[in-house]
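Below you'll find the structure, written out as structure tokens, and then a few comments.
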Amino acid sequence: MSHVARKLLTIVTESALEKILPEDFKKLGARGFTITEARGQGSRGMRSGTWDENGNIRIEILCDSVTADAIAHHLQTRYYDDYAMVVFISDVMVLRPDKF
Amino acid sequence: MSHVARKLLTIVTESALEKILPEDFKKLGARGFTITEARGQGSRGMRSGTWDENGNIRIEILCDSVTADAIAHHLQTRYYDDYAMVVFISDVMVLRPDKF
Amino acid sequence: MSHVARKLLTIVTESALEKILPEDFKKLGARGFTITEARGQGSRGMRSGTWDENGNIRIEILCDSVTADAIAHHLQTRYYDDYAMVVFISDVMVLRPDKF
Amino acid sequence: MTSLDPVLLFFILGLTAGLMRADVRLPSAIYELISMLLLLTIGLKGGVELARQPVGSLAFQALAVIAMGAVLPLLAFPVLRHVGRLKRADAASVAAHYGSVSVATYAVATAYFMTREIPFEAHMPFLLAVLEIPAIVVGILLAKGLNRDIRIGQVAHEVFLGKGIVLLIGGLLIGWIAGYEGLASIKPLFFDLFKGVLALFLLEMGLITASQFSSLRQYGPFLLVFGIVMPLVSSVIGMLIGFNLGLSLGGTAMLAILAASASYIAVPAAMRISVPEANPTLSLAASLGVTFPFNVLVGIPLYHTMTEQLFAIARS
Amino acid sequence: MTSLDPVLLFFILGLTAGLMRADVRLPSAIYELISMLLLLTIGLKGGVELARQPVGSLAFQALAVIAMGAVLPLLAFPVLRHVGRLKRADAASVAAHYGSVSVATYAVATAYFMTREIPFEAHMPFLLAVLEIPAIVVGILLAKGLNRDIRIGQVAHEVFLGKGIVLLIGGLLIGWIAGYEGLASIKPLFFDLFKGVLALFLLEMGLITASQFSSLRQYGPFLLVFGIVMPLVSSVIGMLIGFNLGLSLGGTAMLAILAASASYIAVPAAMRISVPEANPTLSLAASLGVTFPFNVLVGIPLYHTMTEQLFAIARS
Amino acid sequence: MTSLDPVLLFFILGLTAGLMRADVRLPSAIYELISMLLLLTIGLKGGVELARQPVGSLAFQALAVIAMGAVLPLLAFPVLRHVGRLKRADAASVAAHYGSVSVATYAVATAYFMTREIPFEAHMPFLLAVLEIPAIVVGILLAKGLNRDIRIGQVAHEVFLGKGIVLLIGGLLIGWIAGYEGLASIKPLFFDLFKGVLALFLLEMGLITASQFSSLRQYGPFLLVFGIVMPLVSSVIGMLIGFNLGLSLGGTAMLAILAASASYIAVPAAMRISVPEANPTLSLAASLGVTFPFNVLVGIPLYHTMTEQLFAIARS
């Protein structure tokens, strides 16, 4: 099997952005994403997810390095100041590189 | 502390497979797994998880490199064509290597 | 953009510890954490999450390497023997290194 | 046609909201609770009545109904394959959906008959449970033949011990053992709230139906036509079987409705495991996007009228 | 003041539990179900009554109420900006919350009026739905002016097709079409359980309110004073508008209550998307931490008494 | 023994489904809602009755019951340690479970007494809440002695402000303040649905019980015997204490039932934090896998008959 290197971009942010971000991802070249419900704590305090608007989501995007940088950059300029948000990138190996 | 290198195999796929896959994992040498509920989008369209059979699960397996490859290969030959599925592998350090 | 290297510490453990661990993290220098609901199987059997006390949580902490080691060490000495728990560390790149 | 049952207004509200992409979904935990309540209530109601009536030739009726559940997909399959030009697996899967039944449709029919005070055989929930299964078996055979490895144990477990069957049969037994007086104490939850719970359920069904419309468009007009003609044909078959079994007017109409209804829970789950190469969105688009709304809005009163005429002719 | 409604005892239980950090939260799926039930029931009740009464000058009343929803935030904004020294975006966002309405407060008021058998206009749920919107528009304009790019489509969708409005209006229409007899079968769930469901809802509201207290402390005494004075002022405005529209005593008091109430669902969601630079905890601390408990515990009977006196004076 | 209460038929349905590995679980959000409803209803019912009756020597009864809750685990511990050969922490943990109480068992007993119209003291829910606690303290002391660091604040919070106690006591207070007429408006949800909700709860308890059977097998026959003999012994102690406190027949039988019941919510949660080296599956296998089904199916009528005979002897 040929594993090929790709990037995994992970974003933890406010649930309110779930309706907005997917469109941005698409424009910037992502071919898919995965979302899980999350809660947590950071510089903007506790986000316990117990009540509608104070939950987090955790988004993962498998993509090439260029797309990962583009999305991270976009998030930084557009959302970092106003929303609870954390972004990190890691290296992964994928099986069907054409998909990402 | 002695950290030892292992692989983290992550699978995002249809909830319907939750009843089937654990047996496969065990046969192929995995000693455990972790599942979280997920939703997402990919080449097979939106899987919003709002209704019974269209949700995803996100499975993680900590294991050695051989097992990771074996499971990834098995998934590729057995499920890739018929199910929404994404698989990727990353490097991690673990504390109790005998466990994985 | 300047990506800076940090560690991602991931812990899968019993839900019962959610009330206790955040305090420990804080003392050991973590600036935040993210939690998702999980279920799974390991050496302590199935933890299906279907009923109150037998679910897991999956905790992620972005931090520097020293903090990651300190937390991992603390978990090992304090909780490993008595609780279902798995810990692993991976390398990630972050955008706002001052945050972590 | 008399005025619309208010529970159907909830269906239309859900449908409209879904088409306007308004987010009024029930949380999935609530949807699950509501399904379970409906299944238990339908079972309990049947069981309570059974306790009052002689059961009659239950085994014979079950056999007739099993035969019906096996024949309907065999009728549908060639049409799907040759007229619709679906792939073998897809044709088999869609056929299985239409041979099986929809509990939601049955629940709406129950509400319809309750309002009109039309009695029907108490063991209908039993036939409902029985009817879920044969079409699945036929569907798998159509797709795979006899020789391929299918996870037979897995599928059998999924089919016979699925939520639908366990709760229907469990409710039936509890109702039968406890009887009407025995259930008095749990009546407020299971019986008095029934139509309210059904209303919430149909709100959600409306949203789900709306979400199927986009995939429907993708598959062209064949599915649309099939989703309406197939239940019309099936209803006639169901009606004739019911009539020949000597069921009452209500029971005959109910069997017509069951025949006309298409599964969207038990069969998709079973097919996903046993015939994974079938495209699940195709079956759901037909079953949920066309047949379910057609049946609850038009079909139920239609099959009822049809059955009345059959009985009128027979009597004269 | 007469004895406390038992549903308010649940609010106090929740508040107390929250302050002692006891974990008695409802799962979020249940909280969502309960909100949906309240919205549907409020809508259905209004619709059923509408079916019995002539609607009167509905359009005119809607216009008056829209004007009120636009004026209230314009009154609040300068106070928040100059007395409270809030940043522009924060002042605009808080102002929008107070110009809009709280369905929870309305539900408690309904329970209050039911107990006292005070009638009010049947179309109140319609005015409630209408009142949700104008303050949001004004809030966005106050924060952004006309020239900035705001996700206008997104926000409009969020506002007009939010859960609150769709379920209120949907319920209203269903009630109106089906009428009182038509809804008899779903009455046990939607009407008989109403106050029990409201009690559970208020238990949770108590917990949420308690969780706002800590952020309240952070923002100093201004928010506390604003959260009490603003509804007092708004209630007088609402009352006078209701009176001049020729509403009944109950309807006039209800409009006072609506004016006094502050949104904590629709507006925060809309502001988070359209005015993200506003700090959401600020608005919620005021609206949930001060105004909601003030209104349900003190405000409702107060505005009612106030309105009685106005009517007494007017009559004499 | 009279015929089985229908709610127990739901327990048996759950048990059977669980043993056949059929997936009919309630979503966890629903399980939580249902537990909360049961706790609130039990509290409310007690409170309403309290409002009608003089309270009597409540403090003295509470003390007696606290003593009982402390003594029962002290009896169980040596047996578990020396006969069962459990590790110290495990023996202490299991002992704590059996000294505390099960709200589910109490709810089934309530239903049993309601059906037979047997009255019992209104403040029973208060004693139920009181009884949750002392065994936990004793269990921790047995496991750890006095000298070890235990997260005392954490555990105290968990114990005194757990969901069980807050909702029971909260309900009791609300019922007491509002009185029977005051609660009329919330009766449909909390009182009329009680047995239906209990039925759903027992369906789930059946599934949970079934899931304990496999771990039970693992620990051999000792746990099985202990899980039946211990409640028999405890029930006699509870009965004698109730009798000597001068409780009514119903109240005495209820105290026997409480003594016999074993915790499966409050104690496991507290033990997991304070005595983490104890194996939690061991305690749950005994408490849920043996004692709970034994009590609800056999124990409750047995303890009731036993108490009747004690009262008959005493009277003669």
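So that you can tell them apart, the chains are marked A, B, C, D, E and F in the order they are listed, and the count of residues begins at 1 in each.
Throughout what follows, a contact is a pair of C-beta atoms (placed from the backbone, for glycine too) under 8 Å apart; a residue touches a chain by one contact, two chains touch by 3 or more.
Note that the structure is a prediction, hence the values are computed from the model and not measured.
The chains touching subunit E as well as subunit F are D.
Considering the contact criterion stated above, the chains in touch with subunit D and with subunit E alike are F. Ranked by distance of CA centroids from subunit B, the top chain is E. The chain with its C-alpha centre at the largest distance from the centre of subunit F is A. A separation of 41 Å divides the Cα centre of subunit C from that of subunit E. Note on chain placement: the centre of subunit B and the centre of subunit C lie 19 Å apart, centres being C-alpha means. Centres computed as Cα averages put subunit A at a distance of 46 Å from subunit F.
Counting partner chains per residue, subunit C has residues 36-37, 90-91 touching two or more of them. With touch defined as above, residues shared between interfaces to two or more other chains in subunit F number as follows: 27-30, 32, 188, 193.
Shown are all chain pairs that touch, namely A-B, A-C, A-E, B-C, B-D, C-F, D-E, D-F, E-F. Within the complex formed with subunit F, the residues of subunit C that make contact are 14, 16, 19-20, 45, 49-53, 55, 79, 81-83.
Within the complex formed with subunit C, the residues of subunit B that make contact are 1, 3, 6, 8, 22, 31-37, 62, 90-96, 99. The residues of subunit D lying in touch with subunit B in their complex are 25, 28, 31-32, 151, 154, 158, 208, 211, 265, 268-269, 272-273, 276-277, 280-281.
Considering their complex, residues 3-4, 6-7, 9-10, 13, 16-17, 20-24, 26-30, 111, 114-115, 188, 192-193, 195-197, 199-200 of subunit D touch subunit E. Subunit A contributes residues 10, 12, 36-43, 56, 58, 69, 72-73, 76, 80, 86-91 to its touches with subunit C in the complex.
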